[in-house]
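Here you go, one structure.
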Amino acid sequence: SRVGYPEVIYCSGKTAEQVKAILEAMLERDSNILATRVSLELFEEIREICPDALYSPLARVVAIKRKKVEVPSSYIAVVTAGTSDLPVAEEAALTAELFGNRVERIVDVGVAGVHRLFANLEAIRGARVVIVVAGMEGALPSLVGGLVDKPVIAVPTSVGYGASFHGLSALLAMLNSCSSGVCVVNIDNGYGAGYIASMINQL
Amino acid sequence: SRVGYPEVIYCSGKTAEQVKAILEAMLERDSNILATRVSLELFEEIREICPDALYSPLARVVAIKRKKVEVPSSYIAVVTAGTSDLPVAEEAALTAELFGNRVERIVDVGVAGVHRLFANLEAIRGARVVIVVAGMEGALPSLVGGLVDKPVIAVPTSVGYGASFHGLSALLAMLNSCSSGVCVVNIDNGYGAGYIASMINQL
Amino acid sequence: SRVGYPEVIYCSGKTAEQVKAILEAMLERDSNILATRVSLELFEEIREICPDALYSPLARVVAIKRKKVEVPSSYIAVVTAGTSDLPVAEEAALTAELFGNRVERIVDVGVAGVHRLFANLEAIRGARVVIVVAGMEGALPSLVGGLVDKPVIAVPTSVGYGASFHGLSALLAMLNSCSSGVCVVNIDNGYGAGYIASMINQL
Amino acid sequence: SRVGYPEVIYCSGKTAEQVKAILEAMLERDSNILATRVSLELFEEIREICPDALYSPLARVVAIKRKKVEVPSSYIAVVTAGTSDLPVAEEAALTAELFGNRVERIVDVGVAGVHRLFANLEAIRGARVVIVVAGMEGALPSLVGGLVDKPVIAVPTSVGYGASFHGLSALLAMLNSCSSGVCVVNIDNGYGAGYIASMINQL
Amino acid sequence: SRVGYPEVIYCSGKTAEQVKAILEAMLERDSNILATRVSLELFEEIREICPDALYSPLARVVAIKRKKVEVPSSYIAVVTAGTSDLPVAEEAALTAELFGNRVERIVDVGVAGVHRLFANLEAIRGARVVIVVAGMEGALPSLVGGLVDKPVIAVPTSVGYGASFHGLSALLAMLNSCSSGVCVVNIDNGYGAGYIASMINQL
Amino acid sequence: SRVGYPEVIYCSGKTAEQVKAILEAMLERDSNILATRVSLELFEEIREICPDALYSPLARVVAIKRKKVEVPSSYIAVVTAGTSDLPVAEEAALTAELFGNRVERIVDVGVAGVHRLFANLEAIRGARVVIVVAGMEGALPSLVGGLVDKPVIAVPTSVGYGASFHGLSALLAMLNSCSSGVCVVNIDNGYGAGYIASMINQL
Amino acid sequence: SRVGYPEVIYCSGKTAEQVKAILEAMLERDSNILATRVSLELFEEIREICPDALYSPLARVVAIKRKKVEVPSSYIAVVTAGTSDLPVAEEAALTAELFGNRVERIVDVGVAGVHRLFANLEAIRGARVVIVVAGMEGALPSLVGGLVDKPVIAVPTSVGYGASFHGLSALLAMLNSCSSGVCVVNIDNGYGAGYIASMINQL
Amino acid sequence: SRVGYPEVIYCSGKTAEQVKAILEAMLERDSNILATRVSLELFEEIREICPDALYSPLARVVAIKRKKVEVPSSYIAVVTAGTSDLPVAEEAALTAELFGNRVERIVDVGVAGVHRLFANLEAIRGARVVIVVAGMEGALPSLVGGLVDKPVIAVPTSVGYGASFHGLSALLAMLNSCSSGVCVVNIDNGYGAGYIASMINQL
């Protein structure tokens, strides 16, 4: 794959020992590294073997930058419905950045207060590809898809309660979007959205 | 109940004989009558015993008007996302009208083309209560709820395919609405929405 | 929106820091404030920056009253099937009160002991709008709907076990109510029920 | 099993040939026979080999009576929420009768019009065991269970649409009944309810 | 209800204070009392106000016996598929006993080792009504139902993992039993099974 | 693959033209051929291009035998719970036979009448691998698995109604079997069971 | 939108009259037109008002070409697991072509015969974006995603039976893909996949 | 059963006391013993009564070897998609070994990096029966099934998040495998896979 592209570790369900072993092999290859689903405790263990590791407690992501990546001038917009969607959105944004993309964050523009979306429309329309992160009723990707002429990557989140069924409601809504140009990744899969958006932005 | 309020027959799963027997008893009481889920064949049998029965093939509703009902000056808005949602919307609208309400219909203003919604916002905001009918991702009630300061009755429809799961997707989205002031009735239940909207409009 | 209407914070999934930041901005605007899904710990932090904040440990709701709200003479009935449904019912009642409504609470009148419901029927029938809160089989809204000529807002709760599936059983029952005039909000959504009931009571 | 107890054929998914072959063997044994899920066409074929076969087009049940069965003086009440539940209720009632029981039918006493239930309470309370048949929200067994001191066999029906999910809503409601003394059989399983009620009535 | 019949408290989701308040009112009426879903901590608080309270840590049930109940000579069999089903079975058995019934326990006779069932068949066949408790594939009630001529109350348990979906697998299996004479209560509802079995045993 | 092994066509969702084109290519290779999910109409078209094609209307299977296959002396038992499971069982049996296996059919030995199973136990225990086909509660594979020391291939069928949910109930039961030595194929997948049983029989 | 971009009609659930009215308005604007979910009967009515309309009976798509669209030199690969997935794949391919793209079709390369996939790998790797269409277990997009460095649009189809649950199995598999760079559209939504692939190809 | 075959305890949901009582009875019979779902704490209690007990913290399995078992020369391959699937795979492998089989482990060969699978194909093809363990999209068994001519036992794991629904996604994928020769056990049921693979390997 591309020069400077990071190697990735998905840490959920791995012991600190397993993660550090994988990491050490990667560090030997002098790769850029992205680790996702990293708890604060795990990060502290990682920092011991890699003091330049950076950590986002919001996104629960670790980034290790060893090599320069080329960054195209076009950018990816990461649009968030509510503040509870921020961890997933930030996982997406940091992934996209580490893979060599400029990212524009537009937060808290859910359909319940649609004027805020319109106030940010120019920034969204200027992107080459748009990631839209939303929980509960998952309506935002359809709305954005109708307003923007670019590919929309919809990310359902598990934000909500009751009949949100841990993200199922948002997932189904996004799959049934009546706007053309919307595709969907797994519930809470910020990484996956950031990765495919990066791919598209770098075509 | 109120003077002039119609009696109602839900015809699904009843034989023509059963429907006509119920109808004849009602006609004897000289009631206004609303029959829902009426096929054309059934209507033809109804017309034989009641020549002044009116039929909407779109809504599959029969209305029989024998008594005047008082109609308040405020109105109910019935808002529809797509053209395929029209049968359910019309069941709601005709129900509301037969129960003595003025109804304003606003059709085809789904979130994929949100400018059409804004073009109709005044008519929606002028209503005392708003019925919003949508299938697929069921996003419209949230959007309307955020723009309007009146109770919103959300009606999910079974319009869609695949992961719409016969209206489940729209239903879940509406239950998880992040807009305050939205409540929900059963999938395809235009009648129920029209009834409760009428109740609210006549408080 | 209306004079004196509270601003609302949904605290679930927000850090104390996030909640307090939002709160401080609201306090600056001198708004009435409703905060829902507030743990005792969070309330203690809130009290430090806002000593007149009131807390209901049952409803897990914080109310801050700075401005008078006009209260209509009609009232909202909040009807509860069992004692385990009280937290959700109280979230609804306190929401309605803070939004400027008189509330009548009728508790523990579930269908298993229907005489208790009949003993309270007058109080329920006197309301302008009725909120009915029930878990398990969710049968109470149908029964109330058949006895009362006012809009019924049904709130399913996650009370139950086994095949209650965390409120799904009650939710489905309420959506399928054979009584006219019943609409439904999300599982455990006392706030949403209180809000729309307030809207209807103040039409 | 007991003297005079019928042999049973469940005809769904069997060809007329298969049904007639089974029937002929039974007739040779001179048994009383109950056949369920019998279409009119199938009945016509049955009548050819067994002219004294009786058919209920409502219940889709065939009864062939060759031997006397002893009938206890106590009776089974079969209670129905709506008219669309009649086919299932009648399958239960005819099963119970053919197995040697007196049956009292109480129809159309669903929770939306609870006065009709109270008007029939004496007949229900007089039974030794009560079968309650209901679709949609399936609330009636809970209500009856709370009013009656006898075992209640609840039969959910597939009557309804949308979120009734072909009887799932009624089934879940009945399983979650907050009334003690209620147990449940499969959706639309009138036969099963009639059988176990007969067992209990003849203890 | 019958002389000596216990009053019942379902303690799940109630605070110790709520439980004790209810209990004290009952003790004043000198009732027999059954409390279910009681943790050890809760029992210790109960014992302080009621030193003669008995506790089963297996069934998590408290029994307080103040009055004699008449016990018929017939008995209820409580049959268990595996050892993990014992808590639910014991809730059923203790309920039945406190309501005035003799109970015969037959444990660990699941379908995987069917010879153990046959070794106990006489004890099961001698009962007036049979409770069968099983998790995982929930096959035992069908097998017992085919071997026994008495009403079978099937209790699915949440025992299992993976595709048992917390008791759903066992529940569905029991509802679809091909044996006549089987009815079903909620997942893990030992109390409900014991109650209705008692009702039947005392007819 | 092995000499004489048939080529297979799965005909569901293919036009007669598509099936015949595939078939002609296979016939040119002089293969043995198995076609599944074949309607009578389709078979009639097949017979025109291949007069020696054999058809089982029960299994909806076409077999074309051009080459001899070696058949081991051990055999596969195909065990069926009810008569409605026969089509799926026969798809399994015919598949196994065409792939070169002796098959012993044991029908109608479901758990409701367990004596019939015991009467056939020797034939089942003599097999090298056992296919068990059952719908509704899907209990038979667990029972057989407990009685037999050989691999059991469980095939859930869509036979049933209501809470059988088109085979889901049987599928879940089989996956949760408490008997060791049971594995499961898709609902109604007689072909798949016959194929893997053949593989095992020919090891 | 772009010059020459077609207008689109989704014909499912619309009457011939509705479709023709929409079409006539579009024809007046001299647009290129894509109509999806068109039955043969509907096409025949369309042809009467538009004799140059082209129809694909496989994809059930009508194309009307009035204006030239610019076509980039890069191409879209449409990859299909089985022959039954062809209708959905062809809806995708024809959509992409009418929106001005070169399309390379690679059919019948499902995971059961992975050598066929490898034989076509060059053609897939040469594309700018890849659409992968699969039913049943929906495994192909993961495999392709691991072999190709381009965005993969995964389309689950409703092909299958039993536990495929009308495409749910394939949908879930695709959402859970362990390959990076895969996003998903609704079950059977060839149109949506073709549209977003076109968007990406024309960035 | 066979000489030297271990007795098995499934420890989940049993107290240490229950486990030790069962164990002591087995030790008296001098059996080989396999205990699954054993926590470290439980193991420490077991070691006190049985110092030669071996424990795998990865598989959470205890093995006690007292008697020699005959081991055939053929082997079972245990193939794993990802590292998070190792605990389940190891439960399968240790089960198979204790039941007297040689096991070849092939780890981390999931479909996202298919070259690793091909690099290990010889080892897989050399086995008499293959166990394939995978979570998330569960695609690996289909791929292996297409490449290998031996029975494949597919084990879905609960590895994943969001729409993996605790292993449901992988389970459905495996049930719908388009490769012949694949059968499935319960989610995370390493033991069951090891047991049936052992049965097949020792035929």
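Per-chain numbering from 1; labels A, B, C, D, E, F, G and H assigned in written order.
By definition in this document, a contact is a pair of C-beta atoms (placed from the backbone, for glycine too) under 8 Å apart; a residue touches a chain by one contact, two chains touch by 3 or more.
For clarity, every value in this text was computed on a predicted model and none was experimentally measured.
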Which of B-D and A-G has more C-beta pairs touching across its chains: A-G
Taking each chain's C-alpha mean as its centre, the one farthest from subunit G: E
Centre-to-centre distance between subunit D and subunit A (centres being mean Cα positions), rounded to whole Å: 56
CA centroid of subunit B to CA centroid of subunit F, Å: 50
Rounded Å distance, subunit D centre to subunit F centre (Cα mean): 35
Contacts with two or more other chains, residues of subunit B listed in rising order: 162-164, 168, 171, 175-176, 180, 186-187
All touching chain pairs, where touch follows the definition stated at the start: A-B, A-C, A-G, A-H, B-C, B-D, B-G, C-D, C-E, D-E, D-F, E-F, E-H, F-G, F-H, G-H
Residues of subunit E that touch subunit C when the two form their complex: 12-14, 18, 156, 158, 166-168, 171, 186-189
Complex contact set, residues of subunit G against subunit H: 81-82, 110-114, 136-139, 142-143, 145-147, 160, 162-165, 168-170, 172-180
Footprint of subunit D on subunit F - complex, ascending: 83-84, 159, 161-164
Residue ranges of subunit G in contact with subunit A within the complex: 1, 8, 128-129, 149-151, 153, 171, 175-176, 180-187, 191-193, 195-196, 199-200, 203
